[in-house]
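Okay, here's the structure, questions in a sec.
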Amino acid sequence: MRWVVVVAAPPGRPRRCGYSGPVDAAAIGVGMLGTAFMGKAHTLAYRMIPAVAPDLALRPELVAIAGRDPARTAAAAARYGYARAASGWEDLVADPAIGLFDNGGPNDLHAAPTIAAAEAGKHVVCEKPLGRDADESLEIWRRVAATGVVHLCAFNYRFVPAVRLARDMIAAGELGDLRHVRIRYLQSWGADPATHDRWRFDPAVAGSGALGDLASHAVDLVRFLAGEPAAVSAAARTFRPTDGRPAVDDAVAAVLELDGGAIGTLEATRFATGRINQLAWEINGDRGTLAFNLERLNELEVFEAGSRGFRTVVVSEPGDPHWDLWWPPGHGIGWDHTFVHELLHLLRAIAGETPVAPHGATFEDGYRAAVVCDAIRRSAETGVREPVAYAAA
Amino acid sequence: MRWVVVVAAPPGRPRRCGYSGPVDAAAIGVGMLGTAFMGKAHTLAYRMIPAVAPDLALRPELVAIAGRDPARTAAAAARYGYARAASGWEDLVADPAIGLFDNGGPNDLHAAPTIAAAEAGKHVVCEKPLGRDADESLEIWRRVAATGVVHLCAFNYRFVPAVRLARDMIAAGELGDLRHVRIRYLQSWGADPATHDRWRFDPAVAGSGALGDLASHAVDLVRFLAGEPAAVSAAARTFRPTDGRPAVDDAVAAVLELDGGAIGTLEATRFATGRINQLAWEINGDRGTLAFNLERLNELEVFEAGSRGFRTVVVSEPGDPHWDLWWPPGHGIGWDHTFVHELLHLLRAIAGETPVAPHGATFEDGYRAAVVCDAIRRSAETGVREPVAYAAA
Amino acid sequence: MRWVVVVAAPPGRPRRCGYSGPVDAAAIGVGMLGTAFMGKAHTLAYRMIPAVAPDLALRPELVAIAGRDPARTAAAAARYGYARAASGWEDLVADPAIGLFDNGGPNDLHAAPTIAAAEAGKHVVCEKPLGRDADESLEIWRRVAATGVVHLCAFNYRFVPAVRLARDMIAAGELGDLRHVRIRYLQSWGADPATHDRWRFDPAVAGSGALGDLASHAVDLVRFLAGEPAAVSAAARTFRPTDGRPAVDDAVAAVLELDGGAIGTLEATRFATGRINQLAWEINGDRGTLAFNLERLNELEVFEAGSRGFRTVVVSEPGDPHWDLWWPPGHGIGWDHTFVHELLHLLRAIAGETPVAPHGATFEDGYRAAVVCDAIRRSAETGVREPVAYAAA
Amino acid sequence: MRWVVVVAAPPGRPRRCGYSGPVDAAAIGVGMLGTAFMGKAHTLAYRMIPAVAPDLALRPELVAIAGRDPARTAAAAARYGYARAASGWEDLVADPAIGLFDNGGPNDLHAAPTIAAAEAGKHVVCEKPLGRDADESLEIWRRVAATGVVHLCAFNYRFVPAVRLARDMIAAGELGDLRHVRIRYLQSWGADPATHDRWRFDPAVAGSGALGDLASHAVDLVRFLAGEPAAVSAAARTFRPTDGRPAVDDAVAAVLELDGGAIGTLEATRFATGRINQLAWEINGDRGTLAFNLERLNELEVFEAGSRGFRTVVVSEPGDPHWDLWWPPGHGIGWDHTFVHELLHLLRAIAGETPVAPHGATFEDGYRAAVVCDAIRRSAETGVREPVAYAAA
């Protein structure tokens, strides 16, 4: 039986999870931009990594954190364990104790701080979307790549174990020729915008709405799992009252045509009443099908051609991706553990143990997602199928 | 609590299912064209209807059946209980004992027999797709409508109780303004074409592939539940080797833009490995969401804005659509019972108790589905968003 | 891969469902006792069988139906298609045109009519529970067996295709040594007794409550799938107010110890709020596990030792039990189709094509279920583990 | 609509998760016994708590860790961030810098170290089962209670948000009178014992098998959610070959009778092939039903009497238990986050902000679980229903 062979446990099949040897790793100073959602998620990961990573090459040290509001930033520093609160991102860029600049700020603060940090010789991780459009993303990628630092665009869903398992299976040919991909990222808070940061609705700050916030994740997963889109045909809507002011999109829907011949659909919306955080996809190949839903992130649905019915594979067994960090079989992880996997991968890349690509997203991946999102936006406006074409660095 | 009010049981809430009074109904003679899949499904329904329908106005009498192969037709007549095997559809049209002509033949046998039967004064039911394209469908509709007989296009999924419940809820405004519809009809036998009738792959006979066979069902449900499509943007693929001969599509994917502002996606394929017969949809409105999957056809997923989580409503309770035909609560029906509901509805329409529309599909609905399918085909070819526009009778 | 081999399709794997040759079968006259729930369910099956059974050896002919109320009985005869309404069960027993006596009456009408019919030389099918307790059941079995007629106790859940598939897999050793069985039959209408026939709450008529009505099904499935119970330890409750009058149980719970060493649990209740008709079981063996839920009766959950995760097998494929009666793959059946399977099996047994056992339940099985139910009742009363011991005919 | 009212969000409904003010908390030194599974899980929680707890009263400081193997202990200290590796548990008890003794050792190391630590004035948390039987558990409880320190028995599943929500709903009367509880804790690694610590199979060390390891969790949840058991009737099995040596049970099954009249079933096994870590329960009351499965721990199934169908409540919304520690709605937590909740609760109890009971388990709860487990063991041996009776401190 060939299936799931790529993730087979090593001989002997030890079922105990990773209680490893001592940590004898060099340290790298972390400077964090952002004290809110992503600042908290990334920080928690840095705090967990030394305790759970089996063979840690580089230990993160929390040097400084920066945010908009000084009092809030001071509180975050105290709570999260940063040695100091910085006065702003320039302060982080200037600090020689910082070797890794982590950008969890709003979209309009992605380009300048990230480029500056890289040009100051710091490795960089930047939240998605990389820039507010393809042009800005290209600029960020080119400027950072030119410095030679390690860069990662934080498409964290690549680091869900079930997603990584899917990628490995597809890359090993277990699905055969791909026929279809369908992916949707559905949220519902658009009906209650007061609950969210105002910047997310401002085109000047956010660049776009559901497109950059949610569809970019979906585009990255399509590229990660199924390959490059060749063309898109799309529609978009803004459902909130805008009073005539410029407004970001609330929802997009697109037909995808992939290199290699597969076709499919991609949707992202903030107006799917009842769907709180449903990122779900299915990929059909001529030898099998895989399906995933972030709402049940420890499971992967697997169908092998010629068999009877889908299997619900619980991805927390020996040999599963990232299993060695955690617990005995069947003790599932949560959403925030994806950041542990992602930032550990980044630290390993900085330590020279692995390249960021293909399992992590580089800034080139951030740029490419923006190219596809821009094509969706253009097709929605013109009603014409838009080809996808990427520039080189 | 306003929800599901439209289907509330009558006061007193009798939980016993419909053991009704005597059948004192006039009879109508049925002539069946087709001995295979649909011939069997429709016939079984005619045999069940008198035993389960609570207040039957018109009792179907199985007069004659016609098919391509005489021996097979004779066997079908004996097995299904038709009084005689006909020599061909013209024989059915000529038989004065037949008051209802049921067309379950291949797509290229929809137009001529159905029109002839109607012009001979017989009521008609025709399997979907009505014609092989919009032009042929328009011709059938116009010619039949001109005769004044009752006509029904057999989009049987309108008669799944959960689908009908969804329609009633949406029509009653329980979902508010619609934002999204996503629908897919996934099958997988395209990889194994030898298992199916050859005519389904012949453009001259079938007209199209997954488009007419599967997408037409999806289009009808979108229209039934969420309203009229205004425009489509699409892609299509033929995955089977065609050796350069004309070939039908194996899969289509489309973005939908509906009258009223909702957007969504529609897919149909014979190449979704592992998905045997998955017709699934979800509709999001600003007051709620409904979701359905034919694989679990006795269930409807319901979300009300402001509540906590989706409810799995088991549609076999007093007050549910078609409940009075069947069993105590929780004793679910099967796929073939949809034909009992559909053909009972047709008999009631012939008896003058109800119009076919809006709960059943008329030939106009058959034509409109063909218009949308043609728009999908054209958009897939040209790469341009296609508007949807209907002719009048 | 050995799994599900026992149900493999014949070579060539025809995917079209059973459109078979002509029906050239002898007829057998059916006399039905009961016009309500079971009368309707059985009758509908008799009406469907000739149209769907691939190779019918014996064609049921609806001769007469009997019930308590003459008007209602006359209406049922007309509606269901019986040639006449009988004045009572004695009338059915006396009718030489009747070769098969079908007892769908209340529990206190099981013994006398069934024995009389058998002694009049008619084959008999009797609804469950066979008698109101083990003694009465033994009497029925012995008296009927002595006549030499074919007898079937209508434990229809043996004829759910997924249940039959499970039985075949276990019998073929695919689960290895059994470790556990857990089964529950949960309903909720006990809170609303006015919705049900009053006789179900009268100990003199019903014999018991949830025990005979629901637990008997569960006991039969344990015996059918996992083998004979050796001992039970139980508790029972009556939740309804009884005003001091004798009352049937509303719920039972038991620990099972099986021959062969497996242990498990069995529950039946009419007070599981929200569970309308949940008959669910799971069986663990050292080589695999199977799980089933009547609410999704077209599915069987399958786990093979050494594999990754449970597979949801959709039981409507070529080679699946009873598949040849119905539709192409993925077109699921409903609850009432189990009676088609069951009564077709009975007709084949009468025609000498197959014995009733082991796939159908004989009156001996009806008796044995009653023995286990009695042991549950006694253990609930005494608080002592009760052994299970069967008498011979 | 009264439901789920007990967990309603505060007015204004802030949807942002808990980014709180600075941490200005006193510290308490932690001494950890155990470097393996529980040592890691508890330590990770202590590391996370300061970063996520909204209003931290007492900050855990990792002082020392003790284990069997010195090299392994040193490695654990380095990795987990303890200031030093201790030479043994006596060393922890003697250290004045330690104010909280955390016992994650094997069962035979629960009594002596925990009692000694408490008598040295340290607050104590002890893994379950508290002792190897009821007598030992009573001794631990009485000795520790006499010292006046805060004590918590680590039944961490009380701290799954969905379980806590269920408890709050039931305590608020939302389920009405309870009728049934059914609970099972199914694992499958018993077939592969080499993968687990040998001490778990040694009666002298472990006390019991599935009973203390798994059934104790189930018993605690029954008590936490549904109330006190009054009697049990049980069976037990040892499936592994024991070569005649004393062996622990591999599986138990029991009928429960609760104070208040509800009945139900409880199972625990290490031999449920395919079930990796399924702790699942359902509770039926006359006003509603709740159901939970640890495999999908962010969800609670809710049924309200009079409504249509179960709702899948995703427990990560404002107002849900423990929500203020984590993320925006729909970003689920993992298994290990239960320890964050549990140990934070303990720290708050030590700070005097809340008692341990009723939301956390005290040593009295640990003792009572042991009493019920002992009754199960006795009933399995004798075949007689065993009453449950507790001693006072």
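As written, the chain order gives the labels A, B, C and D, with residue 1 at the start of each chain.
Basically, contacts are C-beta pairs under 8 Å (C-beta built on N, C-alpha and C of every residue); 3 or more make two chains touch, one makes a residue touch a chain.
Just so we're clear, the structure is a prediction, and the values are computed from it rather than from any experiment.
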Contact-graph separation of subunit A and subunit D, given in steps at minimum: 1
Of C-D and A-C, pair with higher C-beta contact tally: C-D
Farthest-lying chain, centroid of Cα atoms versus that of subunit B: D
Centroid spacing, where centroids are CA-atom means, of subunit B and subunit C in whole angstrom: 34
Centroid spacing, where centroids are CA-atom means, of subunit A and subunit C in whole angstrom: 53
Between subunit C and subunit D, centroid-to-centroid distance (C-alpha), Å: 42
Contacts with two or more other chains, residues of subunit B listed in rising order: 309-310, 314, 317
Contact footprint of subunit C on subunit A as seen in their complex: 1, 3-4, 302, 307-314, 317
Subunit A partner contacts - residues on subunit B that touch it in the complex: 179-180, 182, 184, 186, 191, 231, 233-237, 239, 251, 253-257, 261, 263-265, 267, 269, 271-275, 282, 284-289, 303, 305, 309-310, 379, 383-385
Contact set on subunit A toward subunit D in their complex: 13-17, 19-24, 35-37, 40-41, 43-44, 47-48, 50-52, 72, 74-76, 78-81, 187, 189, 192, 195-196, 276-278, 295-298, 314, 316-317, 326-337
